[in-house]
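Some structures to go through are shown next.
What follows is chain A paired twice: with chain B in the first complex and chain C in the second.
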Partner chain A sequence: MSVSQAVLQLFQGVLAVAVAPLVLGWLNQCRAWLQNRRAPSLLQPYRVLIKLLRKEMVLATNASWLFRLAPYVVFACMVLAGAIVPLVATDLPFARAADVIALVGLFALARVFMALAAMDVGTAFGSLGSRREMLIAALAEPALLMVFFTPALISHSTALTTIVDQFSNGALQIHPSMAFAAVAFVMVLLAENARIPVDNPSTHLELTMVHEAMILEYSGRHLALMDWAHALKLTVYMGIGIALFLPWGMAHPQNWLELPLALAALGVKLALAGAGLALLETLAAKMRIFKVPEFLGMAFMLAVLGMLVHFLVET
Partner chain B sequence: MKIDILVPEFEPVPGAVIAWRAEVDAATWRLSAHQVWEHGGRLIALWAADTGRSPSVHLALVFAGRLLWLSLPVKGPEPEYPDLSDLFPAAARMQRAVFDLVGIRARGDLVDKRRWLRHGAWPVSEFPLRRGFDAGRRFDPVADDYAFVRVAGDGVHEIAVGPVHAGAIEPGHFRFSVVGERVLRLEERLGYAHKGIEKRFETLGVHDGYRLAGRVSGDSTVAYAWAYSMAAEAAAGLTPPPRALWLRALWLERERIANHLGDLGHIGNDAGLGFALAQFSRLKEDWLRSNQYAFGHRYLMDRVLPGGAAVDLADDAMMRMRDDIVRVRGEIARLRVIFDEHPGLQDRLVGTGRVTRELGERLGMTGLAARASGMPLDLRSSFPCAPYDALQPRMVVHEGGDVAARTALRFDEVIESLQCCGRILDGMPEGNIATLYPTPEEGAVGIGWVEGWRGDILIALETGSNGALRRVHPHDPSWRNWPVLEHAIIGNIVPDFPLINKSFNLSYSGQDL
Partner chain C sequence: MSSPFVGQVIDLLAALMLLIAFAMLAQRRLLRLIHLFALQGAVLTLNTMVVAVTLVQSHLWFSVALNLVLKVIVLPMILIRVVNRLGLRRDAESVGNLPFIMLVAVVLVILSFNVALPISRLAGTITRGTLGIAMASMLIAFLMMITRRKAVAQVVGFLAMENALFFAATSATYGMPMVVELGIALDVLVGTFIFGIFFFQIRETFDSLDTRSLERLGGRE
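Entry: the complex of A and B
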């Protein structure tokens, strides 16, 4: 690992962490506009994080070390994920160490800690949320893996950087299989990031919550980390989507001059992704929890179809 | 006078709603209630009073198109009266509240002896609505036990929600017994908001009570103030001028529209459609601002008072309201298309929280929720007092009994009420808006009964000496609909409860004075 690579890796990691609340702020702004509401400031998520970091923490008396550790583990997992996914450049030393399967594992680790911590205090809502999260995760995870397999088959690698290099450098090829994978990926993204129609991030109804129910007992610094990790996860997912389906414009290895262009391209792509997500969320109502298996089953099936199409048409 | 098959001799209680009153003994109390029940009558309210002579229990029933008021004086150190909860399930909580407040116990094999409104805020031996109780005293609140019904079985567990909720709503505790996400049983525990309103009434004059009545449940302030004024006017033998009555009807319909608009937005929002909330909130806000502009109060508090109305309608306000009606009707039509054609939303609403007509009739459901289950109950049509006898609003009834039906009913009622508002603006008679309210005689009684947006609100009052109030009992329709909610959720899944609850939108405050 050269110094330049290390600097690039560090830059990308910091970028992901720093930009995550902005992505959430943009998404909320788009949602507000689409609903004919006046939007909160783009910087509102940062203000909330600062407020929470300053606030006193209230811990349940029976909270164990697990409860206190979980926010750090979850946050660390998401930071690492942010470092693995190529956002502006593909020359990332970390990315070579961990491929898409490791990435799925990283998300799973964060989820397990969050679910265990939610049950730790023993409130009804914590276990309610964990239970529902596990139902969703058990179906979203295989669908996500399936989504990854199509580009992996095309590029003969499970490393994200190699996939991106292949897609963005080679001659422009149309892969019908990737269209199936893209739709499936968006469905998984909605489910995994607690967005409408699977979960409602802005609800105050404790009985309907999934993600929010799990972090209901957190406050202060812990809640800030959880919220930040949540925003980071959304950004990372968008990053994965961009890397797989819109990889053009990323800086090539050893080519530092392309970096500003890559940053601008990332900004535009994230803005488009955020606006698109806001549109999806505005048009849809929340589905019943028991419809989620059908929804994710559909995502899985689409991903499998993508693979089949690849085998039938593209080889 | 004899009424149909009933035993007691009834006397008319004059007023806008003619009620028939009889004093009965314990055996006749039970017999009359049984006959009313047997012939399809309904229970409206059950309350008790300790007015100095002797404590008494009161019962309001609807039978053969008449409102009946039975009074049963009770005696002794441990006064009792026959239980009616086997006939009218809705009576169970009213009877428990009667014991908590006045200390008169229902006698029967199936009587639920748990407290309902008393949560430890006052000692077990004290009964706040008894004459001798000093409302100024302070007690140290103590935590008390409440025996929820336990559901046993493999995999059954409980989810306890409230009384403090994540959103800013009134306090109420809901105990779900669930298997996975499916609800086997819901038990409500309410009564966290006891304010002592009924006790406070006893310190007020008949003419001043309307302000307190208008604050029993803030979303129905016009309906409560009208019901109170109707009762007070009945006690004084006064008929308000026609223009005042038309103004009241205008306000009542405006209140109905405002609440329906708000509810429609929240039903959409609870199904995850934030767009609906944004649109309906805007409509409701504009509507409330028109209230402020035309009548000086967003929610129309203190506009209705005994003797008439507090403010008149100016010409420019009338213009603005006509414009509002046209605009809201147009927007509602467009929003309704969005609601009806949104597959995700309809999937959440249709079939959710279904209450059949049979169940609704058995439990004594009323008001909006009853009309959504095919029960044609609307005082504006079935007991029309002026000016509804002239306005003749169409009663909207839906058969579905689910959240979708309660949503569709709100859409229809908004349209109907808008038309009603238009007719009121067209036909508003000229003249005074109030007459001087005289001091009623001591011991005069009056009854007021008004169809609020949620259902029928009953207020019964008795006057004391020099225009004082001896006893006022406001009765919210939520008394009869809260128990229905417990049944509506059975077999549904936990995350659908907020939606079902919102579609009923019952008052916590109204049934816990």
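Entry: the complex of A and C
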């Protein structure tokens, strides 16, 4: 591991953490525009985070160490994920440490801690939220793994760096199976990040909330960390989507001159992804919680179909 | 244009066909279903066009024109009109056990891929990889006809099956003879008209478009 690689790795990790609230702000702005509302400022998520960080923290009397530990674990998991996923450069030291399957495990670790913490205080909402989250996660996780297997089959590797290198450096090749994987990935992204057809991120209505119900008991800097981790998770998911389906324009760690271009490419891609997500969320209606297994079952089957198409057409 | 790249484009369009077939199978809303059918027609037209351009098959241009006019414009228009007249714009039907139907569809895909694999290994056409996909889309459209209860959705399933058949013909032998193609096009057009009339008849008799009520007819005497 050379110094330049380490610096670049650090830069990418910090970038992911710093840019995550901006991505969320951009998404909210697009949604507001599409829904004929006056948009909040792009920097609104930062203001909310700063406000929450300054506020006093209120803890339930029976909250255990688990409740206090969970925000840090969740945030740390997401920071690590942000360092692993190639956002601006490939072949970073962290990327070699963990492949996509480990990444899925990392998300699962964060989720388990969040669900346990939500149950820890013992309110009805917390356990309701975590049960729903576990229902969704149990179905989204295999679908996500199946989505990863298609590009892994094509590039003969489960490491994201290798996949990106394979897709962006070789001759332009169209993989029909990736169309299936992309649709399935978007469905999983919506479910895993508590976006609209599955969960509504801006509601506190007890009948529908999933993610919000889990973090209902948090306040002050714990809540700030949870919210930040949530924004980071969305950014990381977008980063995975970009790495798998639009990998062009990434820098190599040996070549610093590519970095500005890679940053610009990342900005454009994230802006497009955010706008697209906002459009999807505006067009879709929130579905009943019992329809979610059907939705994710579809995602799983599409991912399987992608693999089948790969075997039929591309080998 | 390089040949492998064109082959990949054709494969991609074929995959889109299959994707749309799955979307149609899962779609509950009638209007969306018709939009998806039009989209499938558009993909089919594009695919035929790519084959026609690459292989300089002039007779395929007729099918391109026929497809564009019939399956992308005329048939969806007729169907939307019928749906409007019947007051079904917001109609959504229950599709039954959707996950199970999807599983059956995946099994059908595996089956048709397996059947098509030896055939496409023998074939020397540029479109050989897509035969399995065409068969799969056909079987899925057939499955859709079986699982739906409302007459309009069944007709859309029938038309989607015709789409897939046409696609199979393009991928296996670069299209059918002109006479056959024209005959099928006319059949489909006239068929849709007749179905349109039937919709009104069925509803007048039974007060619904549920084709299960047709089963009662025999037991009356």
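Following the convention adopted for this analysis, the second predicted complex is superposed on the first by the 314 of 315 C-alpha atoms of A that agree within 3 Å, B and C clash if a C-alpha of one lies under 4 Å from a C-alpha of the other, contacts with A are read in each partner's own complex, and residues count from 1 in each chain.
Keep in mind that, in the parts below, a residue touches a chain if its C-beta (ideal position, glycine included) is under 8 Å from a C-beta of that chain, and two chains touch if they have at least 3 such contacts.
Just so it is clear, the model here is predicted, and its values are computed rather than measured.
Student: Please work out whether A:Pro197 is in contact with chain B alone, chain C alone, both, or neither, and reply first, second, both or neither.
Tutor: The answer is first: A:Pro197 touches chain B but not chain C.
Student: After the superposition on A, what does A:Phe180 contact: first (chain B), second (chain C), both or neither?
Tutor: second
Student: With both complexes superposed on chain A, which partner does A:Leu305 reach: first (chain B), second (chain C), both or neither?
Tutor: Only chain C is touched by A:Leu305; chain B is not.
Student: Using the touch definition from the top, say if A:Pro293 reaches chain B (first), chain C (second), both or neither.
Tutor: Touch status of A:Pro293: second partner only.
Student: Of the partners chain B and chain C, which touch A:Met114 in the superposed model: first, second, both, neither?
Tutor: So A:Met114 meets neither chain B nor chain C here.
Student: List the residues on chain A that touch chain B in their complex, please.
Tutor: Result: residues 31, 34-37, 124-125, 128, 196-197, 200, 202-208, 216, 282, 284-291 of chain A touch chain B.
Student: Under the definition above, what is the set of chain C residues touching chain A in their complex?
Tutor: Its residues touching chain A are 5, 8-9, 11-12, 14-16, 18-19, 22, 26, 98-99, 102-103, 105-106, 109-110, 113, 116-117, 129-130, 132-133.
Student: Which residues of chain B touch chain A in their complex?
Tutor: 158-161, 165-167, 181, 268, 270-275, 277-279, 282, 342, 344-345, 347-348, 493-498
Student: Along chain A, where are the residues that touch chain C in the complex?
Tutor: 172-177, 179-180, 183, 293-294, 297-298, 301-302, 304-305, 308-309, 311-314
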